[in-house]
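The following blocks contain the structures, represented as structure tokens.
First subunit A sits with subunit B, and in the next complex the same chain sits with subunit C.
Right, the complex of A and B next:
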């Protein structure tokens, strides 16, 4: 798919010696496996995030696991189409939501009269556990968004598409 | 004196170690990417699978066993798919498979 676009768009710019610049060609086996595995990996990432409240796990590991779902989708269905589906604006908004959640958890307790991240002041039963889980969820959203963005940046550099076709002022593709 | 159950676990573990060694030998001795992927993925899947089966049997009944069995299932799904993806990408990049004319007499 992406090969056709680069071939039609600027046929002369593509190196003649390497007609197939794309690393990823759609394969029914990989697509079927990703369809089966991706929801389980996503659930497992969320499990790791929430598990960080009272045992091994946490937002960083869970965030990386969740972002692996996007990596798998990109491997199976093509980097370009996945990048179009997960637009850079949405990624930035996602990271912004994560930062907002973490800041809200930290400063919200200060606003309620406690110290930074002092969950005891919130008048909800067992809020310390829920607070840690929300905090980890925020960290997970940030980490998954940033890892996905780094992956798209690396993929744009590796395939040559997106970096060559795009004019230098457009920084969005390198997010 | 080992019981029959412990003997079954030991047999599973021995099988896992055997296929792990076969995978290592194949990775070191086979000539090119495709044969290496072939040797490593098949035997590695079975080696890890047998080892995990031994672990599941040793853990008895309980939640850890369920987790190990889930790990086993996903390993059996993802490991061959990863090998397929690697070899497919190599074929797309134009890497020629090794044939006996390429230097079958020694390395």
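Right, the complex of A and C next:
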């Protein structure tokens, strides 16, 4: 993300009477720090997810750590521009992929004639370990996607957009 | 009886918890709460529970803090220059009572690291520790239990997270998180 893009974040600054409480503060220090730290945190999150099989960690912890990267980017460069960069549609699709992976790992072994999550039936050497890692990766994708989504959802509410342009009657069809 | 490091961490956690409760400025309370979570995470690591510690550090100190910060964007500081909230005697009494009742159960807990605990002596624990590597090919017994022996639970947990996201979208009446 370049410096030019970060300027777009000004849009979500909210005037709540106290300027120091606005959602986005463009700070070169925060931007520089996030630029340096983010790749390491992202790698660490993936490490926790994959290496959870052999050391402390797992999909839930790794997923939250990965989503922290998006949260950091949003704090540094503005929620609005980060959300456009991630693209909300892609986020929902990603979560769907994660759920599919987890369900596939569980039910796929049943389809191959084994019991639920009986990794041994897959004819790949050492598949039990790879299967567990894939299972954890699916969980990580779900958790990181949902945490990022909750963040974007809350941010949209905090900056006051969305609710005003919606007719309250819109919701009737849902219930 | 208790080492220096655990004692300092416990003191930090209790001080941060009290600060969270009594600080008048919401932003300051959130920062104190993040420090509290970080202290708890370090205590988990000291108690040999690194998996729980990682979760507490990432969720409690990291994500929850950011979500709280977003939430208070619409609030304003209450008028007045007081640093601390004035304490409500009834609420204080209830809090002290609850802490007292909970603390009275502490005596029933086994000492930390004791070999006599039910968990350490359980046959299930022995089975997992003896067979986890052969049966699941992973070295972390916690992961073996979560993703293999009790994988059905874990799949349910993952789907619950998914359901939480779907629930939010349904409440907001939207199709994407925006």
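As a working rule, the second predicted complex is superposed on the first by the 138 of 175 C-alpha atoms of A that agree within 3 Å, B and C clash if a C-alpha of one lies under 4 Å from a C-alpha of the other, contacts with A are read in each partner's own complex, and residues count from 1 in each chain.
Going forward, a residue touches a chain if its C-beta (ideal position, glycine included) is under 8 Å from a C-beta of that chain, and two chains touch if they have at least 3 such contacts.
What you see is a predicted model; the values in this text were computed from it and never measured.
Peer 1: Since both structures carry subunit A, what do subunit B and subunit C do when superposed there: clash or fit?
Peer 2: Here the two partners, once superposed via subunit A, fit next to each other without clashing.
Peer 1: Between subunit B (first) and subunit C (second), which does A:75 come into contact with in this model arrangement: first, second, both, or neither?
Peer 2: After superposing on A, A:75 lies in contact with both subunit B and subunit C.
Peer 1: Residues of subunit A touched by subunit B versus by subunit C: which partner has the larger set?
Peer 2: Result: the larger residue contact count on subunit A belongs to C.
Peer 1: Going by the contact rule set out at the top, does A:126 touch subunit B (first), subunit C (second), both, or neither?
Peer 2: Second partner only, subunit C.
Peer 1: Pick one for A:138: touches subunit B only (first), subunit C only (second), both, or neither.
Peer 2: second
Peer 1: With the superposition applied, I'd like the minimum CA-CA separation between subunit B and subunit C in Å.
Peer 2: So the smallest C-alpha gap separating subunit B from subunit C comes to 8 Å.
Peer 1: For subunit A, which residues belong to both interfaces, subunit B and subunit C?
Peer 2: Touching subunit B in the first complex and subunit C in the second, residues 22-23, 75 of subunit A appear in both lists.
Peer 1: Quick one: which bits of subunit C touch subunit A in the complex? Just the residue numbers, please.
Peer 2: Those in contact with subunit A are residues 27, 50-51, 53-55, 58-59, 62-63, 66-67, 70-77, 135-140, 142-144, 146-148, 151-152, 154-155, 157-159, 161-162, 164-165, 168-170, 172-178.
Peer 1: For the complex, give me every residue of subunit B touching subunit A.
Peer 2: Checking each residue of subunit B against subunit A gives 74, 77-78, 81, 84-85, 88-89, 92-94.
Peer 1: Hey, which residues of subunit A end up touching subunit B in the complex?
Peer 2: Residues of subunit A touching subunit B: 20, 22-25, 27, 29-30, 33, 36-37, 40, 75.
Peer 1: Mind pulling up the subunit A residues that touch subunit C in the complex?
Peer 2: 14, 16-18, 21-23, 48, 52-61, 64-65, 67-68, 71, 75, 83, 88-89, 91-92, 95, 98-99, 102-103, 106, 116-117, 119, 126, 128-129, 132, 135-136, 138-139, 142-143, 145-156, 158-160, 162, 166, 170-171, 174
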